[in-house]
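Per-chain numbering from 1; labels A, B, C and D assigned in written order.
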């Protein structure tokens, strides 16, 4: 069950071309990720510290299909996928709402779980694996 | 009747000190301003162009009382005040929600209405003056 | 001849994890792109308007190899490649300077030239094609 | 002896109005502050931790006199002033370079030194007080 996050495009998201600055799509997707974790009671601020791990992003990519401008209403549909026992990917589809709704961008991030102590790869905490299963396709 | 905007603090708002980076308080307040205008049917993207004016910010100031961290829920209470016929100030109170709610910051911006054609001060469009009266203290 | 841009990591680039926020690598690479164009006398602000084209980014991707923290000195090595007559890619290697120098990230953006009038693909302006040849591998 | 920092306005600094987004003036000034500290061998990343203090910004203000656009070359002149034994203000003048040079904005931040342990006001570390004297008017 993918997670859907709704958002209005803000002036702060835009650049002098009048549209959302391309790096900001990633920041918007990260908001959706934070909101999804929070909804499943995983608090970003303390969760990773408590489990002695970090889950840095190792890769990101985006495909930009339509520009977004200030005031646009969008939805971000987030779908995580397990990558082995110590990593996951998240695919995000950004739609500009309205009639008709249009796909504006596709974004993907990849994450690896690392032990804070040893700096080596570490199996995902149970709650995080459960979050992935909850929302995977 | 002040306008109240609710917001969650995001990772993108923070810096390496673990709290919201001080310029980002202004960006968060501008979101509240955009949302308040949109709620009163003033669309930022087209409104100023249609009226042949711009309303740049001429001054801004902030007082930081408590740090905000990722995941914090906040409210931004926005109160505009007319400054003559061609300008206005907006005062923003940012509260961190919870028990008890705490005042985290006070922000103020000042705006002047300028004719796009002549670059001289210009009386506020009627809809914008109505928005100010609607929300002023 | 690749273009090399030097930069210090700033507090504004970082997030609450203490390192550069992953979308900001793209913004840093775009700075290198702007600086490279300016060095070859292509002024971003006016160039595209004068030629009646825009050159939006259609894809971006990054691979993050090492975290960057506030105060780090980095170099961004930019190498453009023609993609047909109406597009190009730019590859960026980000190194953290010091002894030894370390590869911190690899970033790539893809750009397509579009006519502002017709919204259709348009051959690259001569000066932009020359910039690509000047810096391609 | 004020410290002078030079900077080019980047696409990332701008918004859909085509000019620097007003909160970003504060981020640009903070860069000048970081660069000035680094030049006097105060490394932001480790300095405050080593001295057991933090120096949060308690107030900020800006006056915007002229818009800045992508590609503009600016200088930021930074002048700190002691405020008692445990605080300081920094005044920043931003000029747009060219002929003639023009004052674009005036910015001010106020900082208070706090003990990380007790959360109470704490006298400034000697090196920081020396930096203030070095650059004060």
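Definition applied: a residue touches a chain if its C-beta (ideal position, glycine included) is under 8 Å from a C-beta of that chain, and two chains touch if they have at least 3 such contacts.
Quantities reported herein were computed from a predicted structural model and do not represent experimental measurements.
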Counting residue numbers used by both copies over all numbers at the interface, does the chain C-chain D contact come out same (over half shared) or different (under half)?
same
For the interfaces A-C and B-C, which has the higher count of C-beta pairs in contact?
A-C
If every chain is reduced to the average of its C-alpha atoms, which one ends up farthest from chain B?
C
Can you give the whole-Å distance between the Cα centres of chain B and chain C?
33
Mind checking the centre-to-centre distance between chain C and chain D? Centres are C-alpha means, answer in whole Å.
27
Taking each chain's mean CA coordinate, chain A and chain C are separated, in whole Å, by 23
Please output the residue numbers of chain C that touch at least 2 other chains, ranges allowed.
11-12, 16-17, 21, 23, 27, 30, 45, 69-70
Which residues of chain C touch chain D in the complex?
8, 10-12, 27, 30-31, 34-35, 38, 43-45, 69-71
In the complex formed with chain A, which residues of chain C make contact?
16-17, 21-27, 30, 45, 54, 56-64, 67, 109
Which chain B residues qualify as touching chain C in the complex?
11-12, 14-19, 21, 23, 69-70
